[in-house]
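Input: structures, listed below.
Presented sequentially are two complexes of chain A, the first with chain B as partner and the second with chain C.
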Partner chain A sequence: MLKIIKNLVMALMIFGPSQISLANQMSLPILSGVGGDFTAVDSDGNNVTFADYKGKTVVLAFGYTNCADICPFTLGYLKKLYSNLSKEEQEQSRFIFVTIDPDYDTPEHLKAFVQFFNKDFIGLSGSNEQIKHITSLYKAEYSDLSEGKVATKEIRRTTPQKTSDTNEKASLFSHTVVLYLIDKEGYTRSLEYTGTPRDDFAHKIRMLINE
Partner chain B sequence: MNKNTRMIDAIKRLFWLFVFVSCTVNVMADNSSTISTQQLRVILPPPVATSAAAYGVIENTGNVQDTLINISSDAGMIMLHKSEIIDGMAKMNHVEDYVFEPGAQLILKPMSYHLMFMNINHDVIKQDGEVLVTLEFEKAGKLKINVPVSAE
Partner chain C sequence: MKLTSIITFMALFLSLFMPLFIPQVLAGVAHAAPSKIEDRSEYSTSLNTIAVVIMNWYGSLITDNQAEDRQSSFNTKNTGDQWSDYRSQYPKNISQILITSNDLLKLENDNGYQFNVKSKFIHSVKNELQTQLLDETFVFKNTFLLNENQPLIKTISRNKSETIQSADTENADTKTVDTKKAKTHQYNRSHYKVREFTYAWLAYIDGVKILKPTMNGSAWLDKATYSLNMGSDHSEDSIPSILVKRRQLLAKGGHLLRSLDIKNQDNESNTFVIDLILEWKGTSPKGKPVIARIHQEIKVHIKTDQSWEVISITEEHLLPVTAPWMGLVC
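Moving on to the complex of A and B:
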C-alpha cells in the first residue's frame, strides 16, 4: 500500500496534477444515468434492441434528415472519424444515427440519408414513443421549432416524403449535438462533439475496442 | 468679346462642368455599397435530402452600411439561418434583414450562419453542379452569383 502511495506521489512530482487529471480523463469512466437499453427500428425496417449491438463500441448521434446544417455536418465529421479507424476497428464499432423525426424519417429514407455518408452507418427510427424513450435515456433533449418559424408542411409539400397531415409540424427541431461514445457492454463512457479532434476521438474508440 | 474669347470661355465652362461631374461621381462611388463574396459553395446533400446548406463569406467592401433584404435561388427556397449551440442543444433561427457595416464580413460556416435551401431541386444541387443565388441588398441592389456545389 505504502509503495502504491509512494508511486502516486512520484507520478505527481514527475507529471504534475494536470497530466494526472488527463490520464484520469482518458480512463473513460462509466457515465451513470446516461444511456440504457431500448428498442427501435433499424435501417432495414427490423425491430432491434440496443443490446443487439453488445460487443461493439458504439458512437451514437441524434438528428433528422430535414436538417440542413448541423446533422449533415455531424455525419460528415463521423464519416471522417470512421475513416480514421482501421478495417478491423470499423468491424468492432457501430456508428448509429437516431432520428428525432420518426414521422418523416422512415427507415428506408433514413437509410438512404445516413448511408450517403458511409455505407456502414446505421439509422435508427421507430415510433414517437420509442424515440422519446431513447432520448430520455440519453438525456438528449429535442423540441419542435416549427411553431412561429417556417411552415414545415410547406417544406414537405413538394418533397419525396409527402405528408397529407396539415397539422403535422415536425420538420425543424432543436436537438442535442452530443456524440455518445458507448462501450461494448452498452455503458456510455464519453460525451463528445464535432469539435473534438478526430484523432482524440478515434483514440478513445480504440481504447474501448481494446478493453 | 471676340469669337475666340467666347470659345475659350465655353471650353472653360465645359472643363469646370466636367470637373464637377467627375468629383460628384467619385463622391457617389466612394459612398456606394459594394458587396463581394468569397468561397461560396453549396454542400452536396444526400439524394434524399430536402434541404442543403451553403457556406462561404459575404463582405461589404464599400464604406456605407447595407442590408441584405432578400435571397432567392433557382435551387429551392432559400433563407439566411443561424445555428447556435446553447447548453449542448442546437438551435436554429431565421435571420431577416442582416445589416452589413462598412467593411464587415458575414462568415457562413457549419453550426453558425448559413444559407439554408429547402425543397431543394436535385437537378440543380447535384455533383459538379452550379446554383444561381441572388443576394438582394438595400443599397447595392441584386447580386447574382453562380455558386458551385461542393463535397464539403
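Moving on to the complex of A and C:
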C-alpha cells in the first residue's frame, strides 16, 4: 500500500499537472477507445452484454472477493456514493463490479459479496477469456500475485464463500484501482478513484444522467 | 498504517496540493495548445502544416556541401523560392541539426503565425567539428488555413547566431551537451524526412489535403491498409474508409504529435516502421468533448527511387492520461 502512495506522489510530480489539465479543460470528455461492448455473466448466472445497460449511467470497478483491502474499501466508498444519489438518480444508474478472479468468484458468491454493500450493486463474472477481454477494453491491469494459491482461511474477507473445504485455496491479485464513469451511450467519460470527493463524483454522475 | 488512514492521507494530499499545481499548468498548456475546440483545431492544423515546412527547411540543409543537392531537396512549393540568399548564410558541411526549442504563436489581427526555432548546427570546417547556435523566427502567411495553399514564409529573422569553436564531441562542454546526444541519435536528413512526412500525415488525417505531394501520397493513400482498434471497435479497410469511420467519434479537432520512434528497420526489404503516439482533442459529431491517446504504427517501404510508399497503418486508442492515479494497481 505504501507503494501506491509512493507511486501516486511520483505520478503527481512527474506528469500529473500537465495531463490533469487535459481533462479539466473540458467537462467529462469521452475517452476514445476506453471501454466498449462485451459479454459477461451477471449475478444470477445470466449471459448479459454491456449494451444491456445502455441508457443508464454506469460506475464500473474491477476487483475480486478475496481482496482483503482495496476492494472492500472501494465497495464501501461506492455504497456511500450510491446513497448520495436520489432514488430517481439511483434508478438511472448502475454500479457494476467485474471480478478478475472468475475461477473463484462464482456468480452466486459474487452476488453475495457485492450485495453485502448494496442490494442494487451488480457483480459480473464470466470465463477467463471474457474477463481478459473486458479488462483489455478498459485498459485495466491485473495480475496473479500468488506463485502458489493461498489458504482462504488466512485471508481477511468480507463474505467468505460457503464451503466445507477447510483447505480451500485461492489466488491473490494486484489490479487497477480506477473507477470508470460511463455515460448512457456506453462511452467512458471519467476515471475516478476512492480519493475522489464523493460529492464531486455524485455531481459527475448527475451530469451524465441529465445529458 | 490502516487502509482508511492511507486513503484519507491520499485524498488530503490531492486536495491540498492539486490547486497549487493546476493554475501553473493551465497557464502553460493554454499557451501551447488552446482549450477551445475551434482554436485547438486551428492550432493543430497550423502546427502540423508549418512543421512540415520547418522540417523540410532544416532537413534540406544537411548535405555534403553540394549546393545543388541542398537546393534540390528544398521544397520551394512550400516556402516560396526567394530564400536562397538567406539559406546561403547557413554553414556548409552540416552533418546534424538539433532543434533545441520551438514555439508557435498566433499573431494578432489574423496576421499569420510566428514560429520561433532555436537550433544547433554541427558542421565541419577543415575537418574540424564546429557548432553554431541559432535563434530564428519564421513568420507564415495565414492563407494556408483555407486549405487552398501550402504554408508560405512571409519573413525570416535571425535573432542570434553564435559559433562555438572546438565542438568536438570528445571535448564537449556544457554548451554542447546536446552534441553528446547526437552521438546516440543522428539528427541527419533522415531524421527530418521522417518528421516532415509525419507532420504531413497528421495534417492529412485532420483534413488538410494540400500536403499529399510531401507524402508521395497520390498512390499509396488508396492502396495501403489501415487497421483501427478503438475499444471494442475493430476495422480494417482503406485509408479513406477508416478516416470516415474515425470521424464517427473524432469529428472535429486535431492531432498533436507526442512521440516518434523508428523501429523494425529491415534493410533487405527496405522497410521500416514509424511508431507514433498522438494526442487528439476535439468533439464528437454530437458536439461532446472527446480526447484520445493514439498509438499508430506506419510501415513504410523505400522504393528504388528513394521515394516512400506506405504499406500499412495500425492504430490503437490507448488510455488517455487524465489523472495521476489511473495507472495505480493495488
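The criterion applied here is as follows: the second predicted complex is superposed on the first by the 162 of 211 C-alpha atoms of A that agree within 3 Å, B and C clash if a C-alpha of one lies under 4 Å from a C-alpha of the other, contacts with A are read in each partner's own complex, and residues count from 1 in each chain.
What we mean here is this: a contact is a pair of C-beta atoms (placed from the backbone, for glycine too) under 8 Å apart; a residue touches a chain by one contact, two chains touch by 3 or more.
A quick note: this is a predicted structure, and the numbers were derived from the prediction, not measured.
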First (chain B), second (chain C), both or neither touched by A:197: second
Touched partner set for A:137, first chain B, second chain C, both or neither: second
Touched partner set for A:65, first chain B, second chain C, both or neither: first
First (chain B), second (chain C), both or neither touched by A:116: first
First (chain B), second (chain C), both or neither touched by A:175: both
Comparing the two partners chain B and chain C, which touches a greater set of residues in chain A: C
Doubly contacted chain A residues - partners chain C and chain B: 67, 69-70, 73, 141, 174-178, 194
Complex contact set, residues of chain A against chain C: 1-2, 4-5, 7-9, 11-12, 15-38, 67, 69-70, 73, 137, 139, 141-143, 174-178, 187, 190-195, 197
Residues on chain A engaged by chain B in the complex (per definition of touch): 65-70, 72-73, 76, 109, 112-113, 116-117, 141, 145, 149-150, 154-161, 172, 174-178, 194
Chain B to chain A touching residues, read off their complex: 43, 45-53, 77, 79, 81, 83, 85, 88-92, 94, 110-111, 114, 116-119, 152
List of chain C residues in touch with chain A within their complex: 1, 3-4, 6-7, 9-11, 13-15, 17-18, 21-22, 24-26, 28-29, 35, 229-233, 249-250, 279-281, 284, 288-292, 294, 316-330
